[in-house]
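There are two complexes below, and they share chain A, which is joined by chain B in the first and by chain C in the second.
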Partner chain A sequence: MDLGSLVQITIWGLLAGCIYILLAIGLNLIFGVMKVVNFAHGELLMLSMYFTFFIHEFFDLNPYLVIPISVFLMAFVGILIERLGFRPIMGTGKLNEIFLSLGLIYLLQNAVALIWGTGSRTIRSPFEFDSISLGSRQIPLDYLIIIGITMVLLVLLQVFLKKTTLGRAMRATSQNREAAMLMGINVERMDMISFGLGSALAAAAGALWCISGINFNPYIGSAPAIKAFAVIIIGGLGSIQGAILAGLLLGLAENPLLVLLNALWTETANTLTFLNLPADISFLSWQNSVSFLILIIVLILRPQGLFGERGE
Partner chain B sequence: MLSKLDRRFFLTALCVFVLFFLGCTQQSTDTGGGAVERNEIKIGIVAPLTGGMSTTGNDMWQAATLAADEINAQGGVNVNGVMMQIKLVKGDVQSDPQEGVKAVTKLITEDNVDILVGGFSSGTTYADSVVASENKVPFIITGASSSVITRRTDIDTSYFFHHCPTTDDYAEATLLFVDAVVKPLIYQRFNLPSNRKILIGIAYEDSKFGEGVYSGAQNAIERNNLNMEIVAAEKFKTGETAYQTVLTVLKDAKPDIIYPGAVLNEQSPLVLQGRRDVGMNSLFLSIECNDDPDYYTGVGKWGDYSIQESRFGPYAVPDRPVYKAAMKFKDDFKARFGSFPSMMGASTYEGVYIAAQAIENAGTLDKAAVRDELDALEMPEFIEAMEGGVISFSDDYRESKFLFYMEQLRWNESLGETRPVIVWPAHLKEADFVLPDWYEPGQ
Partner chain C sequence: MKMSLIRSVLAFLVVVAAFSLPLVLRINSAMLEILIIMCVFIMYSSAWNLLTYSGQGSLGHAAFLGLGAYSSVLTAKFLNLSGLWAINVGGSLVLIQSTILTVFVGGLFAAVVGVFIGLTCVRLREWFLAMVTFGFAVIIHTVTLELKEITGGHDGLPTKHLVSITDSQITDPFVKTLMRYQIEYYVILVFALFVIYVIDRVLKSKVGLAFEAIRENELEAKVMGINTVKYKLIGFALSAFFTGVAGALMIHHTGYLTPEIYSVENSFRPIIYCISGGLFTVEGPIIGTFIITVIWDGLKSFGLVYEHLVIIGLILILTIIFLPRGFVSIPGKIRSRFRSGS
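The block that comes next holds the complex of A and B.
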């Protein structure tokens, strides 16, 4: 494997990492402020794909221009879910919250299947045939745009959380809900905003992911949501920096690391023939297992996650 | 004014109601059920009617409905002098082996079906067909292509009848085409020695179906003594969305041709990522289930010049004796359901007719007698072309044998999509196979 291949695979890893990061940070925001685990977060990603697809198709708009619309719509959907779903049951027991979010998975999947059908959909990017040369390798322009947009969104999120009054209020609520209330922060408003913001980030992840050229259907949300859960546990519950690092770690582990491992194994088996190692073993189908392998290792070595604090 | 507690209760109840309502909307299981009436034949349609594969599953159900309604409109099935109407019962396997077992158990033990038709996804059918075997209920399998379904030895498969090509069948047709048509063009253009092997890279999903495609290709090479070699075979998770790493490893093995063991939602991103992201200037082969309008939309221009194996498709219909019947089925289906029937829909449509014919031949609903009649069936080919022009099941594994054709996808600028053109066999072809300018052989 040459260097060009490795760079190319690393870009794919970064792309996957970007999707995980956006999804995981949304989950983290909701959990951080509300202490609610939203199992239906992947379905918010899926819903944004459909919003992006139909707005793009109906108005014949450049899909990149549809992203802000989808993000806005999904923020509104998130606020609705918080107001109508989670707020009435907050404080009534964790089981209620868990079952509500599990129910939302089926509700959203079935609703989308009912309205738009279960067939696969694809969005065609206007830059579908454009790429950047990297020696003998080509990197699709869409991938670089997606990585760039993710970076911009992360910077904006950091600015919002650290430099604005609202962001500080959210962080304060996340750190100590009772103290925040005593300081005059309307924590229920913070819940609503965090759910809206979390949904908006899931929307950005979904829109960017479907523009990258994948096929999607109403059931696509579960797999990335599971990865996002792994990301926030690896990164540390409630930590944005942890989610960014863990998202990149998973994206890279699932792509270049596995390819390298594959090449290394084959080379070892072919060189050290006296060991009788089977050369045809492939690690590529371990893409999903590797996330959880990393998760287990992190949990053993640092149970609070890479950036988490003890006791969280 | 409602108290906060009342509002909370109301909203919770509303959520539960909406959840229940929407959940149930997609989950209906039965068109009838209840007691068996003596003037009807109950056929259980085993298909994924909800879940990720429900597009195909609903297509199978709709096709079965069309067949049953046609038969009923003609008076029904003559069972020993009594005209019986066909009643279809849904068995929703939800694209899940466990749900498949539950659905088939319910069809057999509660709905008391006389025969089963359908079965989509080799993994699911592998699991749920066990129930049919244990209860000795004839099962005409029309949507699961792995040959292990009827060739397994751990259970009694004598009640299974495979009316769907096996992975061995279509791998053979595909590789024979590559050997006869594609190989000479590659060797001629690149001045390759005639004794050089055609190098094949396989990417297959980690399922019974994917494994069937891989072993089907191996068997086809061995059985036909083809001068071909599988230089790399990489597995991917079923339903995967990112194939770049798998394709990079395949590309490094430098194959001439890529043969994916992939279904509809996998094949188009696989081709797109292979051609665009990994820069593979190889020819991609495609399995028959992808001859579907969604595939042509999904794969876009990246599918240009790729090769599609088929037996029944939405766009290219070969000029064969079954042409008129196939067109009528497609037109009737489209008029009634507003879409093209899938290949699984076509075989399920035939499956209902096969079931009706076997019951009529048996003159009874006795399952053993119906099984015997299926075994002895000699029915004229219907909407899909069969070997010898008849639908019959082989003596060894009770598999019917289809006639295949190969298509090449060509970009249609005005449609903004590719469309298939039949390129093989010679007596059916609409155009010659074209080796694209950008094609690069492996090494």
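The block that comes next holds the complex of A and C.
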């Protein structure tokens, strides 16, 4: 295993991390303001992939230019879901919003499957064949652009939350809803905006993932959404820095770490033959479980998450 | 007093209907299959409801379903038990297999694992718990796939049936299967009735009251002297036990076991059934399972592959918004409508 391939796998991990971070921050915003969990967040990502695909197909636009359009569309869809679904059940029960989002998962997945079929689709990026060579390995230019766009989005979000009046109002609502209401903030409008913003971030994640050349189908959203939940719990609820760090951690743990473990295991089994270790064990099949293992370990050791405050 | 009398009469009528159904209608084996799976899911949803009754909503109950199934199948396989007893039904010999006892091993194993999962979850609330339980289902799925020597990996295991028909004059395999299905239906129905009865007793006992107190306000329950950790673990153990038994029964009926049993759909189904039927009630999961299964399989049999799931999703959303207490609250609503009208 040479250095080039290690860098390549690390870039894969970073790409996966970017998707998790964008999803997780959207979830964090929604949870912070509304105290509602949206398990159907992955379905918003999936919907955005289909929007990106069809806008790209019909208007023959550069996929990077489609991103703002699908982000805008999905913000609208998010507001619609908040209005019709979550607002009527706000404050009715602790578990109701989880169950409502389960209903949304069934509804959205199968509606998309019904309308557009379950066949897998893929998008062609204009920079598909451009890559940066790194020793024996090639790194696609698209991956680097996607990581760059994610960083720009994160900086913009931070500026919005810290510097603008609207962002301050949102943070105030997430800190203390009653006090914010008394200060003259329209908290229901904040709910709407936070859900719209969360959906927009999920849409950005979907569009970027789509451009990275993945094959997608109506069922693609569940896995990253569930991992995004793990990310916000690991990072601490409501903490954006925590979400960024945990997202990167998870992205790296899923790809490079497992490959490294695999290489190490084979090496050990081959050198220390007297231990009689089975050399064919593959850690790669643990890719889906690794996030939950980290989650459970973190919750046992530090129930409030890495960056979370006590009490939540 | 009057309401409880009506309820007992209704329950009795439902039991009689459930017992006479395969005799009155000349049901084919496909219909019987749906009825058997319905009975299993009534058990499973009631067990899930029991855990939710103590304020702990699980999104990964398929883990217990699968654990119960795998441990029962493996016990039956390695102990290599013979049939328990033979009954003569209309000239053909029906052998009740010992798998009818190994399902309890399945339940016990699921309960032990459930206590361990409960221990990691006692400090967690609502959706932290939901995530951890969901994660356990995924992890156990991976572990099952990896232990290829024992569990058979992707290919799964063949399993023994609950009953087998030997020494029979019937040679037609279809009639034989139908007969096996009929007997298995009664076996599983008895199990389901027993489980529902036990859950009803538990919810009406001191334990049930403690569950309710913890669900409504954990801190106040603690102040009142309820050992919340103990009762939460009891909730996990009981729920996992019944779920494990249900999983083992289902798998001994179908005759094969693959890791598909840990699927997300198996985790979500009891949630849909309980929510639509009515959470925190004994009859809710039963009514919900019945109605949703009829809709689910009915629409599916018309060839509506995706439409039926869209409709199920819509039903779930609409019941949460407009009927938060499920289908069981419909009679009460109608009655109050009439009363205010007159």
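In the analysis below, the second predicted complex is superposed on the first by the 312 of 312 C-alpha atoms of A that agree within 3 Å, B and C clash if a C-alpha of one lies under 4 Å from a C-alpha of the other, contacts with A are read in each partner's own complex, and residues count from 1 in each chain.
We adopt the following convention: a residue touches a chain if its C-beta (ideal position, glycine included) is under 8 Å from a C-beta of that chain, and two chains touch if they have at least 3 such contacts.
As the structure is a prediction and not an experimental result, all values here were calculated from the model.
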{"item": "Which superposed partner A:Ile226 touches (first chain B, second chain C, both, neither)", "value": "second"}
{"item": "Partner chain(s) touched by A:Pro126 [first = chain B, second = chain C, both, neither]", "value": "neither"}
{"item": "First (chain B), second (chain C), both or neither touched by A:Val37", "value": "second"}
{"item": "Touched partner set for A:Leu299, first chain B, second chain C, both or neither", "value": "second"}
{"item": "Partner chain(s) touched by A:Leu95 [first = chain B, second = chain C, both, neither]", "value": "second"}
{"item": "Touching partner for A:Gly148 - first (chain B), second (chain C), both, neither", "value": "neither"}
{"item": "Touched partner set for A:Pro68, first chain B, second chain C, both or neither", "value": "neither"}
{"item": "First (chain B), second (chain C), both or neither touched by A:Ile105", "value": "second"}
{"item": "Which of chain B and chain C A:Asn217 touches, first, second, both or neither", "value": "first"}
{"item": "Chain B and chain C contact sites that coincide on chain A, given as residue numbers", "value": "85, 88-89, 100, 103, 106-107, 110-111, 113-114, 285, 288"}
{"item": "Chain A-touching residues of chain B, taken from the complex the two chains share", "value": "7-8, 11-12, 14-16, 18-19, 22-23, 25-26, 50-52, 54-55, 58, 206, 234-237, 239-242, 244-246, 248-249, 252, 264-265, 268-269, 272-273, 276-279, 294, 297-298, 300-301"}
{"item": "Parts of chain A lying in touch with chain B, wherever the complex brings them together", "value": "1, 5, 8-9, 12, 16, 84-85, 88-89, 100, 103, 106-107, 110-111, 113-114, 117-120, 122, 124, 128-129, 131, 137-138, 140, 143, 213-215, 217, 219-220, 223, 254-255, 258-259, 262, 282, 284-285, 287-288"}
{"item": "Sites on chain A touched by chain C in the complex", "value": "37, 85, 88-89, 92-96, 98-100, 102-111, 113-114, 222, 226, 229-230, 233, 285-286, 288-289, 291-293, 295-296, 299-300, 303"}
{"item": "Complex interface listing, chain C residues touching chain A", "value": "52, 57, 59, 120, 123-128, 130-132, 134-136, 138-139, 141-142, 145-146, 264, 268, 271-272, 275, 306-307, 309-310, 312-317, 320-321, 324"}
